[in-house]
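For reference, chains read A, B, C and D in written order, and residue numbers begin at 1 within each chain.
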Amino acid sequence: MKKVAIIGASGYTGIELMRLAAMHPLFELVAVSSEQFAGKSVAEAFPFLAGRVNLSFQALAQHTELERADCAFVALPHRKAMEVVPGLLEKGIRVVDLSADFRFRATAVYEQWYKPHTAPGLLTQAVYGLSEVYREKIRSAALVANPGCYPTAALLPLIPLLISGLVSIDGIVIDAKSGVSGAGRGAVLTSLFAEVNEGIKAYKAGTHQHTPEMEQELSLAAGKPVVINFTPHLIPMNRGILATIYATLHGKTKQDDVLKCYRSFYSGKGFVRICSPGTIPSTHQVRGSNYCDIGFVVDARTNRLIIISVLDNLLKGGAGQAVQNMNIMAGFAENAGINQLPLFP
Amino acid sequence: MKKVAIIGASGYTGIELMRLAAMHPLFELVAVSSEQFAGKSVAEAFPFLAGRVNLSFQALAQHTELERADCAFVALPHRKAMEVVPGLLEKGIRVVDLSADFRFRATAVYEQWYKPHTAPGLLTQAVYGLSEVYREKIRSAALVANPGCYPTAALLPLIPLLISGLVSIDGIVIDAKSGVSGAGRGAVLTSLFAEVNEGIKAYKAGTHQHTPEMEQELSLAAGKPVVINFTPHLIPMNRGILATIYATLHGKTKQDDVLKCYRSFYSGKGFVRICSPGTIPSTHQVRGSNYCDIGFVVDARTNRLIIISVLDNLLKGGAGQAVQNMNIMAGFAENAGINQLPLFP
Amino acid sequence: MKKVAIIGASGYTGIELMRLAAMHPLFELVAVSSEQFAGKSVAEAFPFLAGRVNLSFQALAQHTELERADCAFVALPHRKAMEVVPGLLEKGIRVVDLSADFRFRATAVYEQWYKPHTAPGLLTQAVYGLSEVYREKIRSAALVANPGCYPTAALLPLIPLLISGLVSIDGIVIDAKSGVSGAGRGAVLTSLFAEVNEGIKAYKAGTHQHTPEMEQELSLAAGKPVVINFTPHLIPMNRGILATIYATLHGKTKQDDVLKCYRSFYSGKGFVRICSPGTIPSTHQVRGSNYCDIGFVVDARTNRLIIISVLDNLLKGGAGQAVQNMNIMAGFAENAGINQLPLFP
Amino acid sequence: MKKVAIIGASGYTGIELMRLAAMHPLFELVAVSSEQFAGKSVAEAFPFLAGRVNLSFQALAQHTELERADCAFVALPHRKAMEVVPGLLEKGIRVVDLSADFRFRATAVYEQWYKPHTAPGLLTQAVYGLSEVYREKIRSAALVANPGCYPTAALLPLIPLLISGLVSIDGIVIDAKSGVSGAGRGAVLTSLFAEVNEGIKAYKAGTHQHTPEMEQELSLAAGKPVVINFTPHLIPMNRGILATIYATLHGKTKQDDVLKCYRSFYSGKGFVRICSPGTIPSTHQVRGSNYCDIGFVVDARTNRLIIISVLDNLLKGGAGQAVQNMNIMAGFAENAGINQLPLFP
């Protein structure tokens, strides 16, 4: 049993963390912070949690219960997280941070795509929380940097292939489609229902800040620098990411090699499900769950491998993976509290 | 631990029963029937269940595992259920039937709104499975007739008021709005995405077959015949029912009387949550859960009580309540396996 | 040919007015005002209009082109409109105002449901712009108060019945469902995609400010005070209103009487289409058009008439009816520029 | 004025053709065929057209009015069209065919991706109806093969670049996303609302039958064989296609070269709108219109050009372009009857 705090609990990721914590058999939720809802009860702000979470939000600076926590999820915006995390660690609270602030191994890369970093010393200490890849390091980490939603969807299918050398590092295209909760809960014009519904748009083509995060991990897997094209799109749905990934196969790679590579790499890692070759997954089959499902097609005409990966951006792409990481850190069963089946339809 | 069969497992209610059974700590799913998918593995037909349900569908008549079951959920269409249920009961299998076939106490009413009945003898034996109202009878029932989705949404808020005599039995209007999964999984033109999306329609105004089911139970609660107006609508969303109910207050009834009536009636019945007066619930706060949330407003200008109730038609309005009933029958905790929080957003 | 200005052109109603004006064969759009987008070209702010509207937004107070207009649509929020309209009228510009500011015949009613009125003198001068009912008065009006979206949907089916005395004035229930554009283009939390999508909610039950507007016109039609129940709901779709109306039939009223009443009243009024009895319309059949379609069902069990009316809230419920009114004022064909067929699907 | 027939008028493309024909100032719709709705009036089957189309559907073989037509739109499924078109041409009726049956210049390619061809002689006679590219040939054609929806979205942005040699012919990736009306109006499980809504899926990755159509036209533009990767996706919206296209820039190509190329090629072709560099279009800005909007971004890190094109699959991607072609054939203004502005929101 762990006493858990959620800092920044009123954004979509924070709300999802509350939901998961309230269902977790080994978590006791002791503190939730929110500037926007400070003083309000959780049930009043989020009636779906009525009867299940009996806390009230407090502003972070004045929070009276935070010290009781054994561990904390930090779901603050980029740059805010780095102001808060050092203090938590000093108090001996283990942290899974869901911002980008501790995902980069090189301060310079962070500062190029984001802003100046105020706690660069922690970058080397933080473990990148892609659970299936870094499970051993996560176990003993004090600070886990939870991956971005798009990177999780792209890295889980690509890393095994790059490690095995089955695909070329050149010309990788990641065309990703996300539900709107990925844009956050800020009251902005571009997230209004009538602006999003019945349409699709691309954004930040070639300039999205998740690009260097993917390149960092892909390069580590490949053992040499990997540069990618990444284009995200906004889809009129609440949850879900589908990444369509184009990679050139190395000369003799066959469909079966890809399948074996995946099966071997993800053996015993229950949240990644590999589809039978030629079967293309849909986000419908993962929504509301912590699964990442991966399908692929070999296009013999162009010698390209087309990979489709799907996950729920708020679960495996966010709060779910964060709980998975905390489970690993705590020595709990990896799926404790996050084993809900997808909600279909 | 109970061995469970699901008969008619490939419609939306049947699929939801599989999902719930696979997450239930005290159910072992031993048999699933489907004519449409006979011979197919569940995981192939419904990849969201991959790795969690390892059965294959069999046609009902040839099913080899059915006899192993202690209890069965029957999720067949109306009229089909009555052909199957007697045989199950004879084998000593306790049944929760989700069709309308055993919901009526009077054969004549069933036959007026549906079709001729082939097992009318069971009507007196069946218990109407509105869990919060008939819990005691359900406990020992061999056959529970699970309520319709609309009736559940209308009866839970109205029955306590009628029992207490707080509202008039005259002039009750039930204007209900349902997500599209309520229309079933049949491949029909009117359920196509582009026919449903971006629009709303009413259907079967004044003639919907759930009308007599509501009137039966409302009349029992009031102690005299209640006749209602009921109009269902189809909303472009997957799940959820919102019922807007208009009832005339008896002379001196105050907001507080209504609140007290609800609090008293639903005390200790955790799946019904009463909103504070003037707070109107949304289906967002129950989707993916077994909750029914009830809010109300007193319109002093017209002396009308406006009640808004919300539930997930596949859970409290279908499969969830069916599991709740089976839990009661089995002596399990009433919320075993169905205590998931709503999925928000 | 008329020179047209749109004041408050960047809300959903204002945008729709720009769209209609740009397609109108007898309108020349000469001025558009917006505080939010002042200085921006229309095409930049609304790329869907690129190549078709070549104006730039200006703030109202500094607008240089306004004086060129023969007529103006005012699409400002309530209370702002009444500050602007008197000045326009003084310049000889004929006005269709889309706010609530000039819809009431009694200042007291406006002030009870809205706020204090700063130009009450205009209330008696303004003509209520329900085109099919007040066509003759509109013709010569200097100021037309365009009806609210919900009132249009409720009044078109109810007024003929009340004039003819076919239904009782007591116990009328109007349960209305609206797409989200009806909530405006303000960047507020409750209008975010993920807060609206996949759910339905009621709001302002019994207290919505369109209630007195309906009651005013219904009372005039009936010749005595009519009090109603009105509950609006928010539906996850961009456009459309469906109103489900419950009214008690006078003793001997038959289905045919209702049909005759409608056919006679709406003869020669092409934007109102009466469905054959028992046929229930859907908002799909009016979306993107200026039609209001009306269907009805006689529920003999309860002697209630159930009426379903549908319209596009931005067209017949807003900008479309405003253009219709301006056409009448200008002596143009009533359907000039607004005769587009619905967009289906 | 032309007398127009629509053959296969009850699918989504056929319905859209009826809608456009009914609004067209120079078309008189004289015949509509449908096997499914034979004998039904158009207004009964499609109430949105009530009062505007006064015909009844007839089965094709028994159609009595067909001979009156000057020209015909054939909106039948692939393979059915080739059985019907020769007979129409023999009667002197000019045809725009919306199937794939006459899009290929080589019978072998058609037969490889589709089925055996029964009228291969017409393939050389048919003109590929990409209006902006083949306008001159279309003018005098007896048979125009209207392009596929995906090919239109991909070819309009790529053809000018390949003609000008600004991008490499190697490694082109076309990742396209379509609304659900593109899947047709057949009552199939995979098109049901609850199967589509709240999710996204890819399909036919690497094997979609529009691939060779694109490759045919791209190869003609480039002057040498072009092989592409094409992956289509299904998006939960009614209308719209967004194509994200990745192409490698030739060494010294700059953003400005691309812009100039587009501006020059599409000068005087009003239905293609070029966005300012770096501005990414959304399908919202074309829905309900015949526009194709094209935006692009130069990704200097990878020397890739990322192009986003958007259109309405039922208009510029189907019925709209078909009318545009018929306008060209008839010598009408190219935008007659299809100049509606997009419906926003």
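What we mean here is this: a residue touches a chain if its C-beta (ideal position, glycine included) is under 8 Å from a C-beta of that chain, and two chains touch if they have at least 3 such contacts.
Since this is a predicted model, take the numbers as computed values, not measurements.
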Supply the minimal count of touching-chain steps required to go from chain A to chain C.
1
Looking at C-alpha means, what's the farthest chain from chain D?
B
Please state whether A-B or A-D has more C-beta contact pairs across its interface.
A-D
Taking each chain's centre as the mean position of its Cα atoms, how many Å separate chain A from chain D?
38
Just how far, in Å, is the C-alpha centre of chain B from the one of chain A?
36
Set of chain B residues in contact with two or more other chains
12, 181, 194-195, 197-198, 236-239, 281, 284, 345
List of chain D residues in touch with chain A within their complex
171, 173, 175, 177, 194-195, 197-203, 205-207, 227-229, 231, 233, 235-240, 242, 244, 246, 280-284, 287, 297-299, 301-302, 304, 306, 308, 345
Interface with chain A, chain C side, in the complex: residues 12, 179-181, 185, 187-189, 191-198, 236-238
The chain C residues in contact with chain D across the complex are 12, 15, 19, 22-23, 46-52, 181, 197-198, 238-239, 270, 273, 275, 279, 281, 284-286, 288-289, 293, 339-345
